[in-house]
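Multiple structures follow.
The two complexes that follow have subunit A in common; it is paired with subunit B in the first and with subunit C in the second.
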Partner chain A sequence: MSLAFDEYGRPFIIVEEQESKSRLKGIDALKANIAAGLSIARTLRTSLGPRGMDKMLQSPDGDITVTNDGATILEQMDVEHQVAKLMVSLSKSQDDEIGDGTTGVVVLAGALLEEASKLLDRGVHPTRIAEGFEAACEVCMPRLEAIADTVDTAANGHEELVQTAMTTLNSKIVHRMKRELAEMCVEAVLAVADLERRDVNLDLIKLDGKAGGKLEETKLVQGIVIDKDFSHPQMPKRVEDAKICILTCPFEPPKPKTKHKLDIDSVQQYQEMQEAEAAYFRDMVAAVKDSGANLVICQWGFDDEANHLLLKSQLPAVRWVGGVELELIALATGGRIIPRFSEISAAKLGSAGVVRELSFGTTHEHVIVLEGCAASKAVTIYVRGGNSMVVEEAKRSIHDALCVVRNLIRDSRIVYGGGASEIACSLAVAGAAEAVSGVTQYAMRGFADALDSVAMALAENAGLQPIDTVTAVKAAQVASASPQLGIDCLGAGTNDMKVQNVREALASKQQQLLHATQMVRMLLKIDDVISRDEDP
Partner chain B sequence: MFGGGGGGAAGGMPFGMNVVPSVLQQGASEDRGEGARMNAFVGALAVTDLVKTTLGPKGMDKILQSTGGDVQVTNDGATILKSIHIDNAAAKVLVDISKTQDDEVGDGTTSVCCLAGELLREAEKLLDLKMHPQTVVSGYRLAATAAAKALEAAAVDHGTDVDAFRVDLLNIARTTLSSKVLSQAKELFAKISVDAVLRLKGSTNLDHVQIIKKAGGSLADSWLEPGFILEKKLGVGQPKRIENANILIANTAMDTDKVKIYASRVRVDSLTRVAAIEQAEAEKMTAKVNKILAHGCNVFINRQLIYNRPEQAFTAAGVMAIEHADFDGVERLALVTGGEIVSTFDDPSAVSLGHCDVVSEDMIGEDAVIRFSGCKSGAACTIVLRGATGQLLDEAERSLHDALCVLSQTAVDTRTVLGGGAAEALMARAVDELAPTVAGKASLAVEAFARALRALPAIIADNAGYDSAELVAQLRAAHAAGDAEAGLDMNRGTIGNVRALGITESFKLKRQMLSSAVEAAEMIIRVDDIIKAAPRARDNPHPHM
Partner chain C sequence: MSQFLAPQIVLLKHGTDTSQGKGHLISNINACNAVVDLVRTTLGPRGLDKLIHEGRGKVTITNDGATIVQLLQIVHPAAKTLVDISMSQDAEVGDGTTSVILLAGEMMNKCKEFIEDGVHSQVLIRAFRKAGQLADARIREVARDIMGTNPTERREMLMRCAGTSLNSKLVSHQREFFAGIVTDAVLTLDADSLDVSMVGIKKVHGGSTTDSQLVTGVAFKKTFSYAGFEQQPKSFDHPKVMLLNLELELKAEKDNAEVRVNSTADYQAIVDAEWGIIYAKLAACVNTGAKVVLSRLAIGDVATQYFADRDIFCAGRVAEEDMRRVQRAVGGSVQTTVNHLKDGGADILGECGRFEERQLGKERYNVFTGCPKAKSATIIVRGGSDQFLEESERSLHDAIMIVRRAIKHPTAVPGGGAIEMDLSRHIRAAAVKIEGKDQLIMSAYARALEVIPRTLCDNAGFDSTEVLNKLRAAHASADGNHCYGVDLDSASVVDTWAKAVWEPAVVKLNALAAATEAACQILAVDETIKNPKSEQPGVPGPPGGGGRGGGMGGMMNRGGRGVRRMR
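The block that comes next holds the complex of A and B.
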């Protein structure tokens, strides 16, 4: 902490607890921040692209996650540094908004930071760098729109959508099943999509999973899956045309919240009470039965006696269903959540086509599936896989694929991946830079270099010579004026990304550029970091 | 590859600064590039080496001592891996994979771990040659597809031929059991487990097969009981044998029923009143018993306790009453006898009772048990295991469980393949044939895959104390000459025709082993960065107690 002293050599205390805080100013603060950001970007850089590597993350409890999904890696990395946290939220916002390209955005931000640091070394003022980057980014946006292609999502049984989803799944561990999973994703998205408004509510697609079984057993269920059993082993395992009574009150005598005591002092009263008790159960079950319900879903438990009465009245029941699931069921089946037995009525029941129990593998695990729900088109993708790591990673991969399909339905404009669009932008920025005089020109060139650096990372991860490959593609793009040429990461023998079906939603790419530029601009504006020292 | 292990935040500090920002939480660590790879490989290989000596018919056992001092003797890979606590991320992947194999097919837990380990060992060599991990992975994928295809082509299906299928099952059971503690009585146990599984008629619900362990006697004294055995005692003075039993299975309180209305209590002001209430209570219970008797049952089984007074009433009525059967017991009984689990007794006509021919009290060793024979649903059965010590019985149960799992899976997918390293050699040959046709460096990985497959028979031979290099070379030659049935004969230490020897394994098991192992290996090879979060602070100094 730098200090100011008065004429007697005593320090002026300006900041509270000044001695225990450290302060970085000016260029040092910038450099420190850039270094922190770079260290995050460097971790993710090797995960970029179809042949990117995975990271193994060990949680504080020793659980292992293996993934190459940028957002997941950063979320679980447990970072502490404030700037590193900014990078994490950068990737998270890309995840929330687009659901894909979470690694790309961080790698791009890292490349920009690296360029910024070079420019700082040459004495360029950070604000000028930020302005240059901003100008470059503005060049990129129209360029991206100009090179964008429109795909016909409905053509050929949505084949285009399936192909795009497959491209996303290619880099993941589930590649073995990519065709099946891609079709599943497209089917799921189309089931809930509002094609008129071109909107998809992904909340209606529930991703659920359980370790065990094979990836091949992953299923798309046209309805809701709840991980529960019927309350009595002998209840029917299948209810057709279900009328569902959704209860949040237990099948037990009421427990008034007012404190009270019920004193019994005669045999007669004792017998009356026994009668009353039995009547409670009878009335409860009768109330449900009379409403016409043929399935009970309850948030709480049942007394054994009630359970048996339910069985006898042929009312299959599910107990201990969590609040979130209960709400989902209510939404999907159009039922009302009923808090008291006295309020049960036929109008409040939800309805579903079939409710049945589904079992898996050797392990006698069951789930209950509600299909053909009346009110909404909720679907569930139920993931199975060798172990919990695979299941979790498969869920993340499917989520990415779902997002990609959704993005295409929202906006069918795409740009080509494999570094093609980055290189096209880089050429555009470099060209535009020539026309600008002053320091901005340097900053814009830096931006173009950063874009090249993303393409290089792709080539590097694929085991290719980065400089040779990227320059060759760049020259080819200029020569043929085709923005579809990218890096042939998979060794397919062609650089034409259209042929390889490697593409990204236009919106996704634009967001990446905008987010990364914004974040770097923000970092470049920080010139003072005051932080509390770690406790010794 | 630059910047080996421990690449801290600002690698190399090019800025001439005095502050290097640390990005991760305190206590967290990050391994990158070579460091991470080394870490992952060393961990995974250590686990493989740990379990590989248990592979095959001559595999060795391990003693596991828990922190509580309990001793387990086992050669079941999943059990060993479950019991050791590991702090290496990659090793945990292998543990997980073997656990899944256990859940899915029940056996082959050691093989899957060994194959994954061997694949990693081969991959490490390739990576040392500066091959890109992704290239190795793509080579492995090609090879795995070829191997799976060869395996599928070699599978034999006797599902339609009842007798041949039974022979298959017996062979599978013998093969599985020969590597376990039960190998001394494997004929007996093969027959027991095949009979038990065939009774299930294609269902994989092993709940129907109950295993009861009774110390004493020898393993050879174990038997398969076609009915159901409940480890409970009868009420005093009740009939010890009931023929043509009508069984009422209940889950109800048989003390004075607890009053379920909240906050009620009995308050009296004189002793006579107490007596009156007590009388009412007793009457209530008698009424309940009478209601139960009205169902016309002669055996009453309750999940909860039956107190003395109702027990007396049952005895007087000549009804056998069994109390405190645990929940599994009750459910299984309901399944076996076709009865319903009842909690209210007002309407006898609506309740279906369970039936069986004879319920009797019998002795196993020194313990009395209740035997239900001639049950309505014939699917269920009980296997009674006898053996010298508790550890032996535990291990026997694990082995038997493995065999039952494999058999029940085979009953669903009836295809079989050959064991004794024949299937591995067969797959290795198919992969070998693929290798020259693959262009590019991935071809090296394909070759490596074949070597890893052949390492499995080598381990089996090593464990049996034979010259593995010689035997595996012979095996390879035999397969190359077109003898797809050549495998290891570990009783004679030679190459033999394994079909003639009857060494058979389930196709599903082998396929699952192959795909899990490749998946695990791929997962570990693809890792280039290990980030460990700071361990959660614990108050307990012995976290694994």
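The block that comes next holds the complex of A and C.
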């Protein structure tokens, strides 16, 4: 930070550790911030759209992620710069709220920053620009609502939902399977959806996966998959009409929590104790058996003695099941979690149609699948794929698709993708700008240009001539007054996105615009950056 | 040769830094100006924000004057005074923290020429005090009542005050929306105490700003839960609420106790006894008829499942602040034991109209509404990024304080620099009737007040001289309207009262008093003695330190050093 000098040329110290702080102010600060934001946006720009490219990211531990999900890329990039971090949180908040469109929101913010930078060069006051952008955003909201179509989510075997999910999967690595995966996602969401309240608790959909096999082997399990195996190799691998006893106590003699000491001073006493221990095991297994249970899920472990006894009394058991999974099982099977053996009763058991152990390929890896659960709402999508990178990316893609389907169930309005809605908004903003006087008009035009720039990025990534394509679509939209015309990224031969079935949830698009505008406004308001130089 | 030297008196420790006199005074004023420059650009609706990077990755983006000066860690002794008045303004009225720094800085600036001309600082101080009193009286005179005749009108008026405060913040675009939320939040409070701590602000990542909402009750984030929690019911109508400061877990009752077990039969008895203790506690909770059990401490998995089996909602590890608000909202008392509740004990329970768990963004929140005992409100702020949320929280806090102040002292003055211009005119008019130096000094004070409208213009990129000339003309005009302020849309003047830019009078009263005080205080200082130890360790010999030592106050020091060297 620069030193202040008094009249006598002596510097004075005003701020603690003044020398190690640096300060950037005024237009320089704005420019530096915009540059930082832009560099992030540029990274993501090539990932946008169905023909977008993936990024390979290597973590410090050498883990490799290959993805084109904006939020994941930014998260893994480990961004240091403060303003760049704002861009990261922008994409994250889109991810949290909507789950899709995380790349688009950053690209839009980048385009807005670029326009803002141009306006700043012309001497426009930054808050004026921000206000113009907000005004433009306000024009877009009703416009988006006006061009939105309401889809009948239930019609035609939920075809509309599948189509929308497919649009999301289009840009992902898994797109060769998009139809199958989209159907799976829709089925999963519908299984857990509360259609009356139009709410979906995505926590009930578990995404699990293992490397190996083919992507085609990915399947939806109407129940729960737990990554465990039966405690004894000789236990039956399949339990029909399972009555499940869910325990949070171990199969071993109970231990007081208070520090204790058992004094044994004779052989007789020792035998007594041994006898008592054995009795505990017998009683425990008997208690479970008597309740009518034919499967034990235990949060803790048990040693060989208990294991042997369980096998002998034909009680298959699963041990070391985590708390979260235990709760899911309890919810799905309608069972209660039982904290001690003395409380076991038939009423507390959960039930499932089939519980079976699945093994994969030649590996000795097993999972246990609970299907046909009594109170089932939980479902699991089990992803397979050639390597862990593909599995992880497929999981992310499926998550995005699930979110999209959920959003549609919440709000069944859609807009058409492929840049169609951006261009429609751009036209609306440009039109509205004409009616406004002053700097706002310029800022609004800038906003319209930024929206065009998103469409251009789509075209660019698809290997099309960006300017030719976008202007052609724009002209066509004006000529035909149809907001469904977008960029034909996939070379399907038509610009009509309704025909191509490229669609996005209205909520997602609105959030993108709102968030990007808000972020840019925040960035434009900063004219002073005071930072402490990090210690070398 | 010692007899030739005047006796040297070693008064201060080696390295002690002193400076004094006129030069010192000027130096102090300049230091204050450096601080003023830092916050100057944040004033007003067109003010800009500061991004302050504190190291260790913590970043704050703000345009709240108090927050900025606090984060800067100012060490200069005179400049610290400005930090203090800004903080006191924040504590006292919660808003106007930037204005107060600007005013104090400008007043001192105006003094500089007098000091250079040799006017004694006590004369300056006396005249400033006099001018301050005039300003105080004038504000009280022109302030208008905003009590309103009916609740709707009153709410409208309070909203205007809140809106003015929010105008300069990041959320300014949604200021009417937030002004409504803030006003409603404060109005739900108990009218006598207006305890602001009963208004909670919870930040939820994601969503649009306009998804923010006001919950007339208490809300807090879902706490950490154990297995079994999902099986509990998540909404109740008119539930009894039990508040505990008690661990409901199966655990050793005493940490350092040890049990000696003589036979295996006793062993089971001990285990049973331990279970008995926890079950007795749980049964006591259930027997009271409570449907919602909250505890400051952990509620373990056994208890969670026990409650789940009995259709009771529980939450452990509730933050103290949330617990207190719940307690004050629903009534009841926090229990540290439940053993005495064996029979009934319903009197310690609180009650609320409705309890439910709601999904907000990615998080789930526990929401209590319709609380009978105390009025409380929770504002849930939504927004895209953490920095945005934090700045929104600060802005809302300012607005809440403003509304609270406006309810307690229901008078307001026009904002946008209008009241400052009016005071300036008033003081100048009074000054010309006074003989002597005071006349000049009070006129200087009057000019200093113009810093607010001038900075407003500068920040908006207007020609401040031109606008100020228009303003002075407008205030001097015969119509007697004192409400002309800066119009930030058109670079001209406008009646800001009519434009609903209102500030509670108490904000201005406090700001002027604090600024005048601070200016007088710094003017009254003519010497600083700095103990070398007070320097931060680890700061390698500040380059300024030696320079200051060698300046005005250097003579004595140098002498002192010389004596030391001779030994």
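Here is the rule we use: the second predicted complex is superposed on the first by the 533 of 536 C-alpha atoms of A that agree within 3 Å, B and C clash if a C-alpha of one lies under 4 Å from a C-alpha of the other, contacts with A are read in each partner's own complex, and residues count from 1 in each chain.
Quick note on the criterion: a contact is a pair of C-beta atoms (placed from the backbone, for glycine too) under 8 Å apart; a residue touches a chain by one contact, two chains touch by 3 or more.
Only a predicted model underlies this, so the values are computations on that prediction, with no experimental measurement involved.
Residue contacts after overlaying the shared chain place A:Leu262 against subunit B and subunit C alike.
Once chain A of one complex is fitted onto chain A of the other, the partner contacts of A:Leu86 are limited to subunit C, with no touch recorded for subunit B.
In the superposition on chain A, A:His232 makes contact with subunit B only, while subunit C stays out of contact range.
When the two complexes are overlaid on their common chain A, residue A:Leu195 makes contact with neither subunit B nor subunit C. After overlaying the two complexes on the shared chain, residue contacts for A:Val499 are found with neither subunit B nor subunit C. In the superposition on chain A, A:Ala346 makes contact with neither subunit B nor subunit C.
When both complexes are overlaid on chain A, the residue A:Asp528 reaches subunit C alone and has no touch with subunit B. Of the two partner chains, subunit C is the only one touched by A:Thr248; subunit B is not.
When the two structures are aligned on the shared chain, A:Gln76 is found in touch with subunit B, with no touch to subunit C. Subunit A residues in contact with subunit B (one complex) as well as with subunit C (other complex) are 33, 83, 253-256, 259-263, 273, 276, 534.
Note for the complex: subunit B touches subunit A at residues 7-11, 15, 17, 19-26, 28, 30, 32, 36, 40, 87, 89-90, 92-93, 96-97, 99-100, 103-106, 132-135, 141, 204-207, 251-252, 257, 259-269, 273, 276-277, 279-281, 284, 331, 334, 340-344, 347, 350, 405, 408-409, 440, 512, 515-516, 519-520, 522-523, 526-536.
Within the complex formed with subunit C, the residues of subunit A that make contact are 3-4, 6-8, 10-17, 19, 25, 29, 33, 82-83, 85-86, 89-90, 92-94, 96-97, 125-128, 131, 134, 199, 201, 248, 253-263, 269, 272-273, 276, 299, 323-324, 326-327, 330-331, 336-340, 510-511, 514-515, 518-519, 521-522, 525-532, 534. The residues of subunit C lying in touch with subunit A in their complex are 23, 26-27, 30-31, 34-35, 38, 41, 45-46, 48-55, 59, 61, 63, 72-76, 79, 170, 173, 205-209, 226-231, 250-254, 256-265, 267-268, 270-271, 274-275, 301-302, 305-306, 308-309, 359, 361-362, 383-388, 391, 460-461, 536, 539, 542-545, 547-548, 551.
For subunit A in complex with subunit B, the touching residues are 22, 24, 28, 31-33, 35-36, 38-40, 42-43, 46, 51, 53-62, 64, 66, 68, 73, 76-81, 83-84, 117, 173, 176, 211-214, 232-234, 252-256, 259-267, 270-271, 273-274, 276-277, 280-281, 303-305, 307-309, 311-312, 361-364, 386-390, 461-463, 491, 534.
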